[in-house]
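Take a look at the structures below.
Common to both upcoming complexes is subunit A, partnered first by subunit B, then by subunit C.
Now for the complex of A and B:
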């Protein structure tokens, strides 16, 4: 084999190896970016689940209402207990208030997020307001 | 052609082929990466909107969503899913009562929420509108303009992009819903509102079944609740609830 042909073969091998290295680097970078997007999705679901803690006590299904006025930032215990009877379709979320499981429909084997917050609870049977713990599992 | 000439020709072919392969690889990667970045941007827009919708759901308010670049938004729903799609690429599911239309190349959206009562609070309804469009209302729609957020132009019928009909004594919530959405998303939104209404009604029915004293008023109230629909009159139900307060019993809603 002549010297010129050898040089061309050497150059070809070097270019091939560099190309393979660059291709591997690009694939790794691309995969990393995709994994980062997946993590981003999980982070967003966390934020959304935490946000539920703020939204839930304000839902008409739970909040105290008197003659159409919702003045108190309190959960109505009577309404909350109705959740326990399976009246309300709350999807794949589980709500607990003061250790009372209000709705339990979590999928089996799925990743769950759990957040809790103190809430005011009003009992219309005796007119008393107490503190309770609202737990959201999602 | 001599041997030297053939060698040169081979060199050139080799350089062109190798260069083309490397260039194609980089171009392919660049195209894929641009697609990926666009998907990330679309997801960020979708999540940003989802957050605004959730905050609008908890308290009645109005907001302008402006990201400084154009995007498309489409609302889609079927029996199993309600979602809005950004740039025909990223779909964000939602389970709140939302009315919106399909808008192309929007840079800004007006989002507002309005409390819906019948006669108890059912939900805060969210509306999404493109402020470039002008609206007009015909029929009996008292307070229509006052209920709209700033930035929505109400003009006369001949100049309007959207003309909405208001029925006699129709709740403005539905007039706004028809104004911002097409038939398909309107029906989906009303269906979600209907489900929400039935849920809240069930909870009040359950509450009225478990209250002590005033048995006959609670029983009447339960009968009224059973017959209550989104179209029905609410005065009698409100009267029953007020009667409870008048005789010193706990009100239901």
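Now for the complex of A and C:
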């Protein structure tokens, strides 16, 4: 074999090896990016679900009001019992305050995550305010 | 045959790839979750405190009990009420403090956890304050 042919072979081998390394790096990067996007999506769903512990107690449809004017920072038990969950689309979640189910689009037999927060519950029947547990499952 | 210069170039490429991968892993675990987690713990702490102050105790509320305590009345019921509600409705251990306008702290529910997230301070009509700190999970 001539010297020129040898040099061409060397160059071909080097290009081949570098191409293989770049291909491996691209595959690793692609998989990493896909996993990262999945993680970001899961984190986004977590933030969206957990954020409901701040949003729900402040919904006018649930909050205690007097003559239409928002009063205390408390959830009205009667309003919770007749909460029209068709108006809001919370996505694939289950929302409960103690035993009162506000919204349930979770389905059964799936792995779920849960986050809860204490809230104030006002019972207009006896005028008492008690602590209740708002549970968000997703 | 691979020349010395080519081997060095390949070494550099490998080092570069490793550095990029290390940088990506660093970015991935650079404390995003801690910020999210703290944010929701703060909301939970605020919800707990806002609920606690309104909870009915006989014909009064917890807030009335705290005001009476700071006015030199009976403080014996405040601590047990805080513990009962906190243990029942919070998932984590917590610290509670009632600080009267005269700078005395007649009710303190302490905790041993190393790291906490604080609620906002609730200032009562008399200038007395109360706040909670929730323990971080880690």
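In this text, the second predicted complex is superposed on the first by the 119 of 138 C-alpha atoms of A that agree within 3 Å, B and C clash if a C-alpha of one lies under 4 Å from a C-alpha of the other, contacts with A are read in each partner's own complex, and residues count from 1 in each chain.
Throughout what follows, a contact is a pair of C-beta atoms (placed from the backbone, for glycine too) under 8 Å apart; a residue touches a chain by one contact, two chains touch by 3 or more.
Note that this is a predicted model, so its numbers are computed, not measured.
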Looking at the combined model built on subunit A, do subunit B and subunit C fit side by side or clash? fit
Using the superposition on chain A described above, determine whether A:79 touches subunit B (first), subunit C (second), both, or neither. first
Is A:130 in contact with subunit B, with subunit C, with both, or with neither (first, second, both, neither)? second
Touching A:14, do we find subunit B (first), subunit C (second), both, or neither? second
Considering only the touch criterion stated at the top, classify A:118 as touching first (subunit B), second (subunit C), both, or neither. second
Partner chain(s) touched by A:54 [first = subunit B, second = subunit C, both, neither]: both
State whether A:28 touches subunit B only (first), subunit C only (second), both chains, or neither. second
Subunit B versus subunit C - smallest C-alpha distance in the overlay, whole Å: 13
Subunit A positions touched by subunit B in one structure and by subunit C in the second: 47, 51, 54, 127
Going by the contact rule at the top, pick out the subunit C residues touching subunit A in the complex. 1-3, 6, 10, 13-14, 17, 20-21, 24, 28, 32-33, 36, 40, 43-44, 47-48, 50-52, 54-56, 61, 85, 88-91
Given the complex, residues on subunit B that touch subunit A span 7, 10-11, 14, 18, 21-22, 25, 29, 32-33, 36, 39-40, 43, 47, 50-51, 54, 57-59, 95, 117, 119-123, 195, 199-200, 202-203, 206-207, 210-212, 238, 241-242, 245, 250-251, 253
Going by the contact rule set out above, which residues of subunit A touch subunit B in the complex? 4-5, 8, 11-12, 15, 19, 22-23, 26, 30, 33-34, 37, 40-41, 44, 47-48, 51, 54-55, 58, 60-61, 65-68, 70, 76, 78-79, 81-82, 85, 87-89, 91, 124-125, 127
Going by the contact rule set out above, which residues of subunit A touch subunit C in the complex? 6, 10, 13-14, 17-18, 21, 25, 28-29, 32, 36, 39, 43, 46-47, 50-51, 53-54, 57, 72-74, 115-120, 127-134
